[in-house]
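These are the structures in question, set out in turn.
Shared between the two complexes below is chain A, which pairs with chain B and chain C, respectively.
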Partner chain A sequence: MKLTKSLVLTLILIAATGCADRTELDESSLVTIIGMDTNDNRELSITGMVLDFNEESKSQEILLSGKVQSLREARTVLGAKSAGEFLSGKLQVLLISRSLLQKNEMMPYLDVVFRDAKFSNSALLAACDCSVKKLMEGKWNSQPILTEYIRKLIETGHRSEMTVRTTLQNFHYMQTEEGVTAAISEIKPVGKEIAVTGTMLLNHSGKMALHLNKEESALLLLLQNEIELPVSYTTTIHGEEGDSVVSFDMKKAKAKVRTAYSNGKFQFHIRVPIRAEIAELDGPYHLAADKKLIESLLTDEVEHAFKRLIGKLQAHKVDPVGYGLYARAFQYKQWKEVREDWGAAFGQADVDIQATIAIDSFGVIE
Partner chain B sequence: MSTPSQQLSHKQYIFYMYKTQIGIGVLILPNVLTKAAGNSGWISLLLGWMIATASGYFMIQVMKRHPGQTFDGMLQAVLGKWAGRTVLALWVAYTACTVAVVLYTEVNIIQIWILRDMNQLLLVLALLIPVYRLARCRLQVQGRYAEFVYIFTFWMPPLVLFSLKEAHALNLLPIAGDGLWPILNGIRASLVPFLGFETAFLLYPHLQDKTKAFKGVLAANSLSLLIYIFVFLTSTMYFSSEELRTYLWPTLQLLKAVTMPFIERFEIVFLAYYIILVTQTLSAYLFFAASGIQSLIGSKDHKRPVVLLIVLLIGVAWIWKPTLEEMEMVSGGFDTVSIGMGYVFPLLLWCCWEARRMAKGALR
Partner chain C sequence: MLDQEERLRPGMPEIKPVLQRHFKEVSDFVMKSIRLGFNGQAVLISYLSVVVDEDKLSRDIIQPLILKAETIEQVESILEPVRLGSYERWEDINKGMWKGHVFLYLDGEAHAYLLNMSSWPSAQVKEPDNESTLKGTRSGFIDSNHTNLALIRHHIPEERLIQQEVRTGHEGKIHAVMLYHPDKADPANVTELNARLRRIDSQALMSMGELAESLEDNNYSMLPQLLLTERPDVVASGIMEGKIAILMGHTSQVMLAPMTFLSFFLSADDRNLRWPVVTFFRLLRFIGLVIAIFLPSFYIAAVSYHYEIIPIDLVLSVGKSLERVPVPPILEALFMELILEMLREASLRLPPKVGQSVGIVGGIVIGQAAVEAGLVSNVMVIVVALTAIASFVQPNQDMAAAVRLLRFPFMIAAFLMGLVGIVIGIMVLVTHIISMQSLKAPYGSPLFPIDTKKWRSVLARLPQGGFRNRADSAVAGNDPQADSSSRSKR
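And now, the complex of A and B:
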């Protein structure tokens, strides 16, 4: 009796495993890149890169494209052109063209990404300074698989402090958090390669506000404390004895923020102490003897660069570092009045930034 | 009710309550609590824990004075025969409804996150198989199962730590920035996830060491508190407050960020194991309801009532296929009922019992 019971139960369990409703890998279209672009008619054109599991085909990826009203509709439009069931759970990269970012707010487009639980939210978000189609259609020297190529490009770009690394989840955070504005990486085709060109800053509503080049991106990451040490940085110092190009590695660097509120303005005192190791110096300076001089010249340069960056951010009313979080944490009463539009309030804030560079070592020669 | 001869060890007693407490609540807690109390919700949790523990204290105080008596016997001794039976019937209704609410909510979650196109009825059936097998067992076996669940799901909370990589510790400040009112407002939301300790009523007569009964409640509540505060703090640091207000299940969303080279979308694995946790909640309440029915109709054991309840649950699932929205409405209303049963009832019972004792003393 007991045996029959357990036998029946086992049979039920085997029968109820749900294999009837399975998805075969080679009968599905896994989309790995989605590119969003717009043309002059304000239509949305979607380009999708789909993995090809067919053994006989030469390339491993298939490019599909179509014109749609929304991202979800792309599933139908592109799905009609592909052989298998269209699945977006393995999305790796979401590309958005610069022209789309300039025209429209991003969040309404991306609603399906966050609403549909099956969507992968760890996909990287990147802007592209050309037509998305051109970038995705192109044959690039370096890598046969575009998905891997772009993903690695951004990841290594981030690791060498050239750009931010923003996943869809991060992007959602930055767009919904009042005290911060979004920053995404930007890529661009250069000759036969694709290159990381820096960081794209968006305002609260998700439109493009400002583009930062690679050097500025490094400073931004430093302010965000998102760096992986050592960070190499090259600048020109202007002393009385002449100009000189200096490259150094930051061995230790951390931005520290203090906040205050007076005269109707938020105040941020940022200190960035940096310990540096000189890697290259081509001017009329003697490192060991002029150490103090070089330190102060470098400090001037770096501080100046920081000030320029902050000035730019304030002029465009964006706060990718998240000073709004500090304002909320320490000046909550005043923050409540400006929480609706923190970018504007940050634009008027007094930001005072002090960098100090201490040279730790200068390699094997004096 | 089942004979008090069945023994439950102290450890089993703690885990039984603890794993009954950890149900659906932990998945939605950061959302509900942030809506009510903002980023200071963890203070509300602390207050909720105090109230839950006080409530447990009253329960044990009353049970202590009626050693060897079951919940049913105690109710009749304190309230009189008919009032006691009415209250017991209320408890049966309450626990049976809890089973239904938890079950259908869980089914809805599974449908949204994992099995999109699965029939609700099939899911209900599949979930009820282990619950049925478990609830018809002796209490001892259930206690062992609670231990098993504890060990088997031990790895799950630390997974949340992965999201700390991208945490913003500043989100926790300012502490109580909007004053005291939001914190008090959050207490209601933080009382509900502690429910489950009321199974102590049922477990008490079966305890090996009854002197440690209150300590057990305290331990179970504290273990749950740790999990809740941990989950709440992590999600507050990870999400913006706006996100926390819009994500229905922030805890699962946290896990969506966990990606390893060999696995993506970890929340699916997590949710699959979560079903095991929920079976403990379901079977504990089902057992409570079944034991109540058993002593109401005076049947030999609780197996028949379990079958009856299971058939009822399937019947309801057959007719009523709740959408998520309906489920939220129902459980929102039901929360009030459960707070009444879990928190107000023990206090009233204790007052009743004290009044009776004092009246007796006066007579003497």
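And now, the complex of A and C:
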């Protein structure tokens, strides 16, 4: 009888509380891409891609756009144009145009994304080096559904070390964490395709600071220890008998950081030991005999590339790798004084980077 | 009409009319008078012919009495093997004759005899149809206690088995036999079951299911709490695990008690197959259990509330297939589940030749046409089909039926509150399972009360140890197989 009572009670509770926020899947408009762009006024121009469940319609997605002042307002404006209830729980990609990133800080715009629990925080954040509307309206060659296309583009781009993969959740962390600055992927229409162009680095306030190309992005990922081995890398070595192109697979690579503080500056000693397997080499080298030579030439090249990257980061006062986290962990006293603007302090820091390449093999042919 | 205290009055002329009066309206009533060969003493033999083995009666009793007997002692020795006793009260005599005993009166004596010559029609021992196994025994119980007891004893070479007869019901008309192993069965359970059996107060029990209902702890529960089986190997292994078997002469089912929730997911085949296979099958059954109860409700919750949990690749196709359906998912699901249950019930009752057409109607008309017509969505058909298959995986039909029934409340809960509703449902269900008892044993054991040592023998089946282990343990005097499976005594 106890069971009967509790069952009845439960049923009453369920009946009394439920029902309110049920939305059937086919009666909702699931937005999968939100694109944000500026226009000349202080308004945002918003483009939304909504899944189309109608079986008769040819396309699988519907493009909605409007001008708003905030992202939350977009829900009303775009919602008014869509047949079902406008829901953002299945958001896959949040696109932000480069011009908007150059002009304004991002966090105030994205406030609703983090405040509203129903917003999907696993959506990927990407910058777009063109008008967002143009990108979303376009008919691209390899496009089954644009959402899928862009998402897979970024994910495979990340897997082949061409760009970072930043979800809204990651972005929130990188923006609120003092010891690191944000990095997001960047895409761009190229002819009839969309292509990953590299990584967009933002400063502490969330404005665009620097663009990294694909090669630099790979090095950045290496420094972040965010790579999926093996990483393939191509460079040119400058030997005595002229330049030759070398491609190699990094079989093992890990950045190790030591920190110190002296002369009023943070010191970072970064070691990147890399074990490589040569995949392609078009120079006049005797592979086995010249192993040491090739290793040292490669080391020079890679180290130089790292140094260039670090120099760029320091010049633009951004720290996407998160050296600030090391500084806080090991030099807390000094860190406390600069925590308000770590980027600037990192710009001042002495960064010493050493890469060492050890060649494991030259492939299956001699 | 029958006087309770009416007693037999000696003398042939007294007895004949009484018998004729008592069995006036019974068509198979037979009364024969013979005379003993050596002294001509009159003998009255009377019985109900459909329940008596007449050949045997004639061969073992009538012919020897007439032809062979030469002294009164020889008469005694002819009657002795089948004689049940001497009776004077007509009430006892009538009862005995209804049970198939033969009434025999030697003229001049003060009492009559009842001879056990009963022969009830019974089925042949054959493999039970609805509990078939791959490698289990090929014999199943029939509607006779003698055969059933013999089948069980055949499986247990154990002289200490206790066979306790219990007469119960209104005027003690129901006759049950409790069978258990004195060292393994919990005495508390034996006492409890005995007491419950004696409390039964019905005129007649038609089937084991009825008996089970009057013995169960919780009549309101959807879950079966006692195992009804037709397989002697299941009963035998149950007895060796400390369970108590109850036999009732006129049904082919034997009941096992106490049961736990998890023991309904074991099959007789589990002991015959190799352990990795069995472990995999058990896993399959538990996965089947989860699918059978939760899949429709999970689907309803997903498309009504939590579309976030559907992968993006799937959300478009699910959405497109739902778009055409005019009704909310709950109605769609209820519709399909009810149709499925009807199909199942129909194919159960129909003769096999007609049964095939049910499959065609169900498969083609419901499955395909309903989707084409836009009455149900494709995904729902898949969900319902999966659910059906998952519930057919269960080895015990009672539990499978309970599982099928359980998904309806879960579907409604999912419709009202989404996953929260399902979680509430799970909480109620789990609370219910672990709070129940079967006799004096916890129903949720060994999950609750927690007994991690027994988990591996219930959830999986591990190797029992090869011949090497067994040889060692035989010297030490204990059998690892019996130990791992026997219930610990409390």
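What we mean here is this: the second predicted complex is superposed on the first by the 346 of 366 C-alpha atoms of A that agree within 3 Å, B and C clash if a C-alpha of one lies under 4 Å from a C-alpha of the other, contacts with A are read in each partner's own complex, and residues count from 1 in each chain.
Rule of thumb we're sticking to: a residue touches a chain if its C-beta (ideal position, glycine included) is under 8 Å from a C-beta of that chain, and two chains touch if they have at least 3 such contacts.
Quick caveat: nothing in here was measured; it's all calculated off a predicted structure.
Using the contact criterion defined above for the overlaid structures, shared-chain residue A:A329 touches chain B, although it does not reach chain C. Of the two partner chains placed by the overlay, neither chain B nor chain C lies in contact with A:S217. Judged by the touch definition given at the top, the superposed model places A:S120 against both chain B and chain C. Once the two complexes are overlaid on the shared chain, A:K90 sits against chain B and chain C alike. When both complexes are overlaid on chain A, the residue A:I145 reaches chain C alone and has no touch with chain B. By the touch criterion defined above, A:T181 lies against neither chain B nor chain C after alignment on the C-alpha atoms of chain A.
When the shared chain is aligned, chain B comes close enough to touch A:Y173, but chain C does not. Chain A has more of its residues touched by C than by the other of chain B and chain C. Chain A residues in contact with chain B (one complex) as well as with chain C (other complex) are 18, 21, 89-90, 120. Every residue of chain B that touches chain A in the complex is listed here, in rising order: 112-113, 115-118, 122, 126, 166, 168, 170-171, 173-174, 177, 238-243, 246, 256-257, 259, 264-265. On the chain C side of its complex with chain A, the touching residues are 218, 220-221, 303-305, 307-308, 310, 312-313, 315-316, 318-320, 322-325, 328-329, 413, 415-418, 421, 424, 428, 431-432. On the side of chain A, the complex with chain B involves touching residues 16, 18, 21, 89-90, 117-118, 120-122, 167, 169-170, 172-173, 176-178, 322, 325-326, 328-330, 332. The residues of chain A lying in touch with chain C in their complex are 1, 3-4, 6-7, 10, 13-15, 17-19, 21-26, 28, 30, 32, 51, 53-55, 60, 87, 89-90, 92, 120, 145, 147-148, 151.
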